[in-house]
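Take a look at these structures.
Two complexes follow with chain A in common, the first pairing it with chain B and the second with chain C.
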Partner chain A sequence: MKSKLVPIAALLAAALASPATLAQKKYDPGASDTEIRIGNTNPYSGPASAYGTIGKTITAYFKMVDDQGGINGRKINFISYDDAYSPPKTVEMVRKLVEQDNVLFVFQTLGTPSNTAIHKYMNMKKVPQLHVATGASKWNDPKNFPWTMGWQPNYQTEARIYAKSILQTKPDVKIGVLYQNDDYGKDYLKGLKDGLGDKAAKAIVAEVSYEVSDPTVDSQIVQLQASGANVFFNVGTPKFAAQAIRKAYDIGWKPVQYLNNVSSSIGAVLTPAGLEKSVGIITTAYLKDYSDSQWANDPAVKRWESFMKKYYPTGDLNDSSNMYGYTVARTLEQVLKQCGDNLTRENVMKQAASMKGQYIDTLLPGITITTSDNDYAPIESVQMQRFNGKRWERFGEVMGN
Partner chain B sequence: MTRRASIGVAVLLVIACLLLPFVVSNYRTFQFTLVLVYAIALLGLNILTGYNGQISLGHGAFYAIGAYTAAVLMDRLGAPYWATVPAAGAVCLVAGFLFGLPALRLEGLYLALATFALGVSMPQLLKYHHLEKWTGGVQGIVIAKPEPPAFLHEAGLRMNSDQWLYFFALTVAAVMFVLGWNLLRGRVGRALIAIRDQHIAAEAMGINSALYKSLAFGVSAMYTGVAGALGAIAVQYVAPDSFTIFLSLVFLVGIVVGGLASISGALYGALFIQFVPNVADEISKAAPWAIFGLFLIGFVYLMPTGVAGAVRMLLVRFTRKGAK
Partner chain C sequence: MDAFIHQVLSGLATGGIYASLALALVMIYQVTHLVNFAQGEMAMFSTYAAWSLINAGMGYWPAFLLTVLFAFALGVVIERVVIRPVEDAPVLAIVVIFIALLVILNSATGWIYSYTIKTFPSPFPKEPLFGNTYVSSHELGAIGVTLVVLVLLYVFFRFTPLGLAMRAVAQNPESSRLVGIRVGWMLALGWGLAAAVGAVAGMMIAPIVYLDPNMMGGILLYAFAAALLGGIESPFGAVLGGFVVGVLENVLGAYVIGNDLKLSVALGLIIGVLLVRPSGFFGRVHVTRV
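Presenting the complex of A and B:
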């Protein structure tokens, strides 16, 4: 009984001693004078475990932030659980984070199905579901889901940009699409079709899909070649994208190649596929690529490299997911800095939705983060680039939707 | 244990089950709801594998069919949630029986492979684009959370939807367990076990082996389907990624750890598959499944007849001492 009274007495004493500071500071569960608790789920095991490195990078990043004194004097307690990319597990773990660990908000929960599973719950509980790690377009819906916000450019927008470019450069186009048979692949396909408009039915001559569990996509590439396509839209994750590029080259199929941004890493995709086999590939980007020699002396990339070496030494420097995790963690750091001492859930959402042209230095030059009350899509622009055998050459304007 | 003592234990257990959601947090209540769901699914698999000796590596598929039946009925046809549970059971009974007919020709490992094929193909079938307008494709279906019925509120019983869902699952589980107990302790249960132990002798005694085996398949699938429907309602979401082959394997792990051919084993197994992965994740982020594997080896090594078998042995030892 006695021990229970001590904190109450301390609180009373504090309240009497400093009424002014108490009035300024506002906290919701998960925030205090010393700590901000943030929840997260990531697939550390299971079919999508390659993405688990994002959670590890973010954990490492906040470790560094804490070592440097935290944000506005508060330590970041980043609690990340494994959901194995299974939606029921995500529901269970997120409920644990919200109801038991009492986090202020959840951040970067990964995967479209996993985030769909908790979408209603978060908005009913009025707990922010911030900067989710998926490129689906539905996270930008502040009217119906004011507590959910995406971060990266969405897949459909990106695919529409390719469609525009294809229509401009090739009049008699015949497109062959390779896509992963899930929400991610289908979003790209839909974006492409939307972008092509009424020309879609004629322009797309072949659509072939693969499953994440497939060993290779060789037969799919042969099928695409046989369709007579002269443009290849490659919607694969790194391993499959690399296989596709190599196979197309090896069987002598020479279409114009569009590669989805997810697989634009030189180190993880083009090098294994063969740099000489990748010449001419077109993609879009919004992040700097460590394995691209044009950023070799870039101070921001250097800082990232030394962060990786000190705080996440087992992380692969060539894996663009690690640059992604770092950049999104820095976005959150900015949001929390703006929150100041008003750490309520409402204010976190408000600050996340009031970024005006914020530049994070690991984004490509010219790409900034802008949000508002009715714009919950932080990064909306990308830039097109073409591979010259050594590095990506950016061309054209920074494009948005 | 004397009869009076066992009744005492049972009464205590029932009281504990009834009080549980008022003692623990909503999040824990949700977890225990999942335990009940898994227990029903494991009892179903146990009827097939434990009692009848047919190994299934694909029961996740029936769980998925049950879950999708419930979700589609609620989402597209506006059916009330409670009505979807028996519907899911009926659909799975038929699906299981039909799958059981050709599977009759397969024995042991070959049956395991056939069911494995079912389990491994299910997520892709659910993504099939001609079914998309029903299944929602890869995006799945979001289900509204059931609220406690109005008559409870009028009667002055206030509970939130998590607590209500727990009691709903508890009621369904109780019904399913009583049904299972009735089925297995009598003629049917003995026939199933006889087929498992020596099917030629069983047939010589006049047991229609083919019929019983496909019935076992159907009933087993029905249990798992009921569990799937309950699970979908509890999680409020179904998607193909929820029902990977891993789910089927976890079910098999559950019945072996809980205790083959044991009704109470289903409950122990459910507790294991619900909580041990979380414990493992807390011990090591880097290799949670390696830790899970250690637990598994430990359990199998220390309790070769499952938790139910170990509990039975302890009880026997305890009562013998008491008798002296």
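Presenting the complex of A and C:
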């Protein structure tokens, strides 16, 4: 069946490509005069289902785009399947998207292991794997994987920025690290070590891991305190990060705390941990935080809020994943606008790789999206900020790699 | 040395968590001779109900009481609607149903309440007792509540006719029916009580680990280990088992095997106990005449 279709498709493609036929409009499977079909997988069930809200936000966003007339007159058909954060299932669903649903490309497939599982397949098929939802560093590799692109700042870059800041501010540093025992946690740990350079061995006095099945990280925090660390690097997902902040305070351990961006939400992490227990925590950010009072009257955040209320009323406004989903969906909207009537897979990739200082107004001021043929890392800068008991106070320059 | 004492005390606090859920497992086992894999999720679901009530402006203790009643009703309904039709099915079929219940309750809660973690209030003082930095007042209070539940369960099974009837049903349903015990209702009641005990556990655990749909995942495994270690038929054994597992896990994790193998301690305990002494330390050994 497939072998018969391929030559026909090739003929069609050739016919469309020849200048004698339709002048500008160019389509690959999944695109037409009326529709752009986009595929996605998200963990709507299973252990990582907390992130499933990103897929729901994106779905809601494109619903709004369609209600307002679509992009360049085309409706967005966003097909999102549940992969339960299980890589074999991601492969199955993505093959279905590419081979049966005939999507133009996949967008925001979520998870480092899931995206790793489809990485080669997408590049072999030459179907864009656009703006993947993971902070691993390997998605920026246009030479070997020209069809895959990340979006958010990667974990290692972020950790290197903390390392720089630690070295500048504390000469007699003793760092204790709490990290989730998987790729995500280890990426941060590696970034920190790279950033500390030859000082790493001496500076890091304790590396303590936890498993997602651990009920609490209390025991780990007690270990870190016992190590005599005066800097605490907290690489936990929201629940564990909040437990760690609370426990450190409760047992009277007072290190300088660096918190990974994954858990920087005031509403979802610092409030449960206790705002008074979170004073002084340092993190980096690239998105505006709805639960942060400094954005209460920001027009962009207000627009996001009314979008949420109308199109995704069950979504939690305090969950930063919803801001993330909205911002990344708007990045894609910009890419598709730039594509115009040339909706081939090649052009989608080309446009995604030619963003020049694009600003999306839910990003922090000064943080922009820039890509090129050999730079597939859209957001590469973050800003440091410190918690003052009520809100994040940004300080210093916007920092890049 | 200070760190070691701290690890032990912190282990006792987490052990209290395992003990409270282990009690619910013991409860259901006493009545049905089955281990309910959905026990943790039922407790989590009830805790969300309590959270809703408190958020709607209700006081802590009225909400606590209402939730226990709600959980009891939930348990009875689940037994009547879901378990009753497959009463005579093979054990494996029932296990599949338990797992289905687990997944359904977990996803339904996520769907209703979202997956963002929520804080759950504690009825105990905020400041730690005597200004110590080892254990919070809530952790101590939760251990106290677990011990109270333990005593209640012990008295119930030991000294009340209803408790006796329930134990009889678990041991020998046919003979129980012959002496006039309503076996069906005893099972439903057992489910209700187990769910109520679980709800108390959930409300004591949530302030410590935060309320989220996946809060019971890891805890249930440790609670199994605790219940098996102490003897799944013995409430006292299960509570003691909880403390032992909590302390062992912390001390081994911190000083011997490392944190990444902590869960293996629980699994190792489960297998070890099943191999060496299947009835646990305080369970009775059953002998069947052939």
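A few comments on the model shown:
Please note the rule applied: the second predicted complex is superposed on the first by the 380 of 401 C-alpha atoms of A that agree within 3 Å, B and C clash if a C-alpha of one lies under 4 Å from a C-alpha of the other, contacts with A are read in each partner's own complex, and residues count from 1 in each chain.
Going forward, a residue touches a chain if its C-beta (ideal position, glycine included) is under 8 Å from a C-beta of that chain, and two chains touch if they have at least 3 such contacts.
These figures come from a predicted structure and were not determined experimentally.
Touch criterion met: A:251 reaches chain C, while chain B stays clear of it. Once the two complexes are laid over each other on the shared chain, residue contacts for A:223 go to chain C alone; chain B is not touched.
Legend: residue contacts after superposition of the two complexes on their common chain; A:47 is shown touching both chain B and chain C.
In the superposed model, A:315 lies in contact with chain C only, and not with chain B. In the superposition on chain A, contact of A:215 is made with chain C only, not with chain B. Once chain A of one complex is fitted onto chain A of the other, the partner contacts of A:326 are absent, as it touches neither chain B nor chain C.
Shared-chain residue A:179: touches no atom of chain B or chain C.
Of the two partner chains, neither chain B nor chain C is touched by A:232.
In the superposition on chain A, the residues of chain A contacting both chain B and chain C are 45, 47, 181, 211. Those residues of chain C lying in contact with chain A across their complex are 2-3, 6-7, 10-11, 13-14, 17, 103, 107, 110, 114-119, 128, 133-134, 136, 205, 208-210, 212-215, 217-219, 221-222, 249-250, 253-254, 258-260, 262-263.
Across the interface of their complex, chain A is touched by residues 25-28, 30-31, 34, 124, 127, 137-140, 142, 231, 235-237, 239-242, 244, 246, 281, 285-286, 288-289 of chain B. Chain A contributes residues 44-47, 80-82, 84-88, 91-92, 95-96, 98-100, 111-114, 116-117, 119-121, 181-183, 186, 211 to its touches with chain B in the complex. Interface of chain A with chain C (complex): residues 45, 47, 49-50, 52-53, 181, 208-216, 218-220, 222-223, 225-226, 238-239, 242-243, 250-252, 267-268, 271-272, 314-316, 318-319.
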